[in-house]
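Same chain, two partners: chain A is paired with chain B first, then with chain C.
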Partner chain A sequence: MNAMPDPSCHTAVPPLAVRDLVHCYEGSNVLTGVNLVLQPGSVLGLIGRNGAGKSTLIRAMLGLLQPLSGTATVFGEPALKLGDASKARLAYVPQQPEALAWLTARQMLDFVGRFYPRWDQGFADRTLERWQIPPNKLLARLSPGERQRVDLIRALASQPELLVLDEPAAALDPVARRELLREIALRAGESGTTVLFSTHIVSDLERVASDVAFLHQGRLLMHCTIDETKERYGRLWLPERIHYAAPTQSLSRRRHDDGSLSLVVERDANGAWPEAANLPGARVDALGLEDLFVEIAE
Partner chain B sequence: MNIKRALLLPWQVAHVAVRWLALALFGAAVVGATAFGIFSHQPDMWVRTAGVIGVAEALIGSSCLMNPVLLAIDAHQLRMPGIERQAMAGVLLNGVLGSFAPAVVIGWFSGHVLVLAVFVALFCVGGFLWSLLPRYAGLVLYLAALKATMFTSWVPGPGKAHFLAWALPALVLGLVLVAVCWRRWVLAPNPYRMSRRSPPVLRLGLGAAVAGRGPHSQLNRRHPWLQARADLRGCGPRHPVRSLRVALGGSYQPLTTMGWLRQSVLVIAAVAMLVAWIAVMILQGEAARTFSGILHSDAMTFLVAGGVCVSIIYASSCLGHLRLRWSCVNAELPLLALLPGLGTGVKRDLLRASLWPPLRILLLAALLALALVTRLSGRAEVFALLAPISAAGYLVAFTLLIFSGQRPGRWTMLGLNSLGLLLFGGGLFALPFSSTGGASALSVVLLWGLFLIAWLALAAILLWSARLGWRGLQRRPHPFLSN
Partner chain C sequence: MDASLFTVQPASPEPIYRQIVEQLRRLIAGGQLGAGDALPSVREVAGFHAINPMTVSRAYGLAEAEGLLERLRGRGMVVAATGRNVQTQAQRLTLLEPSLLMLARQTRELELPADAVLRRLARMLES
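Moving on, here comes the complex of A and B:
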C-alpha cells in the first residue's frame, strides 16, 4: 500500500530538509552536497548500498552529527539546535538500538515516556504484550530483534508527527517486519505522520513508501514518487555500432562482453527518452524498482 | 624455534601504547630502585630494591607478558602449528630475563644473585597466575602476599636464612600451576565465553577486545540476582540531572537500596574478606602488636598502594564508561539529543550528573587517606592523599574533553601518560623506601623534589586540558554529538 501524501500539507514547513550537505570521515567523502526535502505526510524510503551514507545522512538531518557544511532543518528549526517543542514532535529509531541497556523494557518506556507530552502508555503496554516482549527483562538481555521492537514501541508511543527509522526491519523476522510496515502505513494514512526510513529491502519500500530517494556514494541520484520510478527511468541498450550516440547524462553505464552498452536513462521534461533511443537497433526496457536499484548500484 | 622471535612475541602482541608504558615502567623501576639501593646505606636495602622491581615485574607479567595466551588460544582453534609453543616460550623467556637481569645487576652490589632472582621470579609468577586464575584467586594471591609481609617469621624473607628452602619449591609449584592454567585455557572449547571462572587475561584489555564483547557484556554476564536496578523515582523533565544520571548508566545511575546491594554484593564480600583477614592478623599479633605497629608495617604500605590503585582504576573506569557512551552512535546519544524536556541548561546539568557521583567517591577516598596520613609519620603516605586528588583532576579534565569531542594532541597525551606513570608508579615504588626512613636524606630530598615538579607539571597539563574541553563543549551546539 502506498501512503498518499496530503496535498494540503505541502504548503506547511517541511518536517525535514537538508541543503548542500557535505560530510566526510577520515578524509573520504560520505555525503557530497545532498539536497533533500521531506514533504509533510509523505513516506520516504531512503535506499542505497552498504556504506552509501544513508545512516550518516539521517543523523545529519536530525542534528546528531555536525556536518562539514550545509544546513539541516527539522520543522524549520536548525537540526543542531532543536527546541523541546520540535523534539516532542519527532521520533527516531537508530539501526540496532542499544540505548539504556541497564533498564528493563518497562523501565525504559516508563523513563522515556515522562518526557513526551503526548505519550501513549496504553499503546506501549499493549504493544509490548502483543509483540511478546518480556517487560521485566533487562534490555541488554533481549535479542537484537526484541531490542529493535522495544525501540520501535518507544518511538511510536510518543505519537510523533515525524518518524525516522534507520534500517528498522534489519533485525526483524518476517512477521514482525510486516507488522511494522502495517503500523507505518497506518500512522501515515490515518494520522498523517511523515515517515523517513532507510532500507535495503526493496519490497518493503514498494509496500509502504510514497517516495523513494536513492543515495549512492554520498550523492542523491534520484528522489521521486514510487510510481514515477517505473515511468521515468528505463534501461537503454545500444549495440556496439551506435555507441557514439550514447547520451552523456545517465545514472549508470555498463559495457557488456559482446560490445553492447546499457545505460540507465531518464525521460526529459517533455517525457521523451534520449534521442539515441530512437536509433535503429536501440532498445529501452522498463525497470522495476529492484532492477533500477541494482543497475545503478552495481 | 627462533629465540629472538619468541622473545619479542609478547611485546608484538601487546597494544603499542601498553607495550611502551610497560617497558617504561619496568625500566624506571629497575633504574630508580637500583639507584636508590646503591645510594642508601641500609644493609637490607637490596631486598626492598628487589621487591620494587618484583612488583613492576608482577604488573607486567599480569598485563603484557600474558597476552600470548590469546595468540595460543587462537592458534589452537585455527589449528595453526608451532605458534602455541612459540607463545609459551616467549612468556617464559621474558619471565626469566626479567627476573635474572635485574638480579644480576643488584647482585653485583649485594652479592645474592640467586636469592634475588628467585625473589623477583616469585613476583613474576604471581603476575602470571593473577592473569590466568579466576578473579577471586587473584584476591587470595594479594592476601597471601599481604600475610607474608606481616608474618616474616613464618615465611622468611629474602634477607633471612631458609628463604630458598620455601621459595624454590613455591616457584616450581607456581610454574606448574601456570602451565596447567595455560593448557586449560588453550584447550578449552570456548574460552572466550565468559563465566565467573574466566581469568583476567580473557576479561580485560586485549582479551576483551579479542573476545569482541560489546559494551553491555558485563550486564549479560551478571546473574539476574546481582543486577543493579535503577531508581527511576523523581526522573523526568523536572529533574534533568537525575534523569541524565539514569541515562549515563554504570556507576552514575541512581540505584534503589536493593539495587545498590545487589550491585555491590561482590565488592562488599571482597572488602569484608580483606577486613576479616586484617582483623585475624591483628588478633594473632606478630609483626604488628599495636595499632601504631600496623600503621607502620609493610602490610600497611601494601594497603595504601592497593587503595591508590583502586582510586585510579575507579576514575579510569568512569572515564572508560563515558568514552564508550560517547562513541556509540546508536545508544544513548541520539535518544538524549532528541529527548524533549531537558531544557536549555543541558550542558551544565550533564556536567553535574557526570562529575558529582564519581567525585563524591574520590573525595571520600581522599578523606580516608587524609585520616590515614594524619596517623602516620611516613612521608610517602602523602602520596595516598594526592592519588585520589589527581585522579579527580584526570576525571574532570577528561570528562570535559569527552563531552567536547576534543582530543588532546599526541605530545599532551605523552606528557600526561609519562607524568601519570612517574607519579603513580614512582609513588608506589617509593613507598617502601621512604616510609621506613631507609633512604638517605639526599635521595629523599631528590625524590620529593622530582615528585613536586612532576605534580605541578601534571596539574598544569590537566588544567590546560580541562580548559580545552570546556571551550570545546561551549562551542558544541549540544553535548550529545558522538566522537
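Moving on, here comes the complex of A and C:
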C-alpha cells in the first residue's frame, strides 16, 4: 500500500469492519458478538448507556485491544497488525488522552504534525486559540477537558480519511461542540471523511450522523440510517382492555401501573404499523431518537 | 436568502430532511420565497446548522422532484418558476396532512364517530 493512497482506490473497502466481536473483562461480558461495517463517507453515531461497551468496541475496532474472539479490519487490513500507512490515514481521540503528557500543547502538535502527510498547521493554530488552550502549558497540567480538546485538534488537523472520536462532546462547551459538529459534517460531506463517534448527547448525533447504532448490554440493538430510525420506529400504546392484542414482536415492552402497555414497534415493508395500532383506543407516537433509545435501553 | 431561513430541530421525531422540505413548501406557498429566488447552498445550510450535508442534499433533491425547486446552471437551486401556481390539488392537500392526522387522532381519543366529525368539518368549510 502506498504512503499517500488515492482515496478513490479504496471506495469499496469499508474503513472499519468487525465480525462476531466478543470481549469480556474479569468474567463479565462486555461485547457479546458485535457485527458492524462502516461505509466510506458515512458518519456513524454510536450510542449506549455508560458501561454499555462503547469504548471497548471502539478500541477493538481499531486494534487497540485484542478481543476474546472475532475479527476487526481497518481499511481492509487486520486491525491488530495495522501498517504505518493505514495508521496515517486515521485519527482516534480517546476519552482520556494520555500520550505525550511531558510536552506542551504546541510542542505536541508540532511534533505529531510531521507524521501526517496532510497536516493542516493553520487549522491547529487557529483552533488552539479558539478553544482556549494555553499553548505553552504541559499537557500533564491541563484539565481532562482541555486535554481532550488538544487531542481533537490533533485529530482534525491531520485531515484523516477515518476519524474516530470517543465521547468528544464531554470536553466541549456548547459553542465549541457546535464547531466540532460543523467540522465533522462538512468534512464528511466534502472530503468524504468517514466518522465514528460515540456520545450520550443524542441531539449531537441527530445533527451530523448519517447512521446510528445502539449498543446495549454488549450487542447492537439497531444499526440503520438516522432518518430511517425516526421513520420506521414508533411507540404503540395500548390501554388495558385491548392489551391482549399487543404484537408479539417488539423492541421493547413496558407495562404501566394502570395496566396499559407501551411497545416500541416497527413498520412493515409496506410502511404499515402492526395491526393492533388500528384498534380503537390504541395510538402510535413518533419517537425522537432519545425517546427511542430510552424506551429500548431501559 | 441565507441558511438562517431554515430552523432545524434535531431532536424532533421528524427527520431533518423532512423539516427542511416542509419549511420550503410553506415558505413557497406563503410567498416568502418567490420564483427564481436562490436557495442557500448545501454547504452553507450544513455549515450554519452543523448538520450533515447529505441531509440538505436529500431535502433539496426531494423538493426538486416535487417541482418546488429547480437546479439552474451556475446559480444552484432556485425556487421553481411554476412552483406556486401549478401545485396540484394533491400537493396542496399534503400540506394539510399533519393537521388531518392530528384531527384523526384526537377524534379517536375522544371516541367520536367519524361521521359526526366529518359533518361538523363540512359545515365549517362551507361557512
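The rule is simple: the second predicted complex is superposed on the first by the 286 of 298 C-alpha atoms of A that agree within 3 Å, B and C clash if a C-alpha of one lies under 4 Å from a C-alpha of the other, contacts with A are read in each partner's own complex, and residues count from 1 in each chain.
One rule holds for everything that comes next: contacts are C-beta pairs under 8 Å (C-beta built on N, C-alpha and C of every residue); 3 or more make two chains touch, one makes a residue touch a chain.
Everything numeric here is computed off the predicted structure, so don't read it as measured data.
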Legend entry - Dominant toucher of chain A (residue count), chain B or chain C: B
Inset, instruction - Considering only the touch criterion stated at the top, classify A:Leu100 as touching first (chain B), second (chain C), both, or neither. - result: first
Inset, instruction - Tell me which partner A:Arg283 touches in the superposition: chain B (first), chain C (second), both or neither. - result: second
Inset, instruction - Considering only the touch criterion stated at the top, classify A:Ala185 as touching first (chain B), second (chain C), both, or neither. - result: second
Inset, instruction - Go through the superposed model and pick first if A:Tyr116 touches only chain B, second if only chain C, both, or neither. - result: first
Legend entry - First (chain B), second (chain C), both or neither touched by A:Tyr92: first
Inset, instruction - Would you sort A:Val43 into first (chain B), second (chain C), both or neither based on which partner it touches? - result: second
Inset, instruction - State which residues of chain A lie in both footprints, the one left by chain B and the one left by chain C. - result: none
Inset, instruction - Note which residues of chain C are touching chain A in the complex, please. - result: 8, 10-18, 42-43, 46-47, 49-55, 58, 105, 108-109, 111
Inset, instruction - Sort out for me which residues of chain A touch chain B in the complex. - result: 55, 59, 62-66, 78, 80-82, 84-85, 87-88, 90-92, 94-103, 107, 110-112, 114-117, 138, 140-141
Legend entry - Of all residues in chain B, those that touch chain A in their complex: 214-216, 219-220, 224, 227-228, 230, 232, 235-237, 243, 246-247, 249-250, 253, 328-335, 337-343, 476-478, 480-482
Inset, instruction - Going by the contact rule at the top, pick out the chain A residues touching chain C in the complex. - result: 43, 178-179, 181-182, 185-186, 188-190, 202-203, 206-210, 226-227, 230-231, 280-281, 283, 285-291
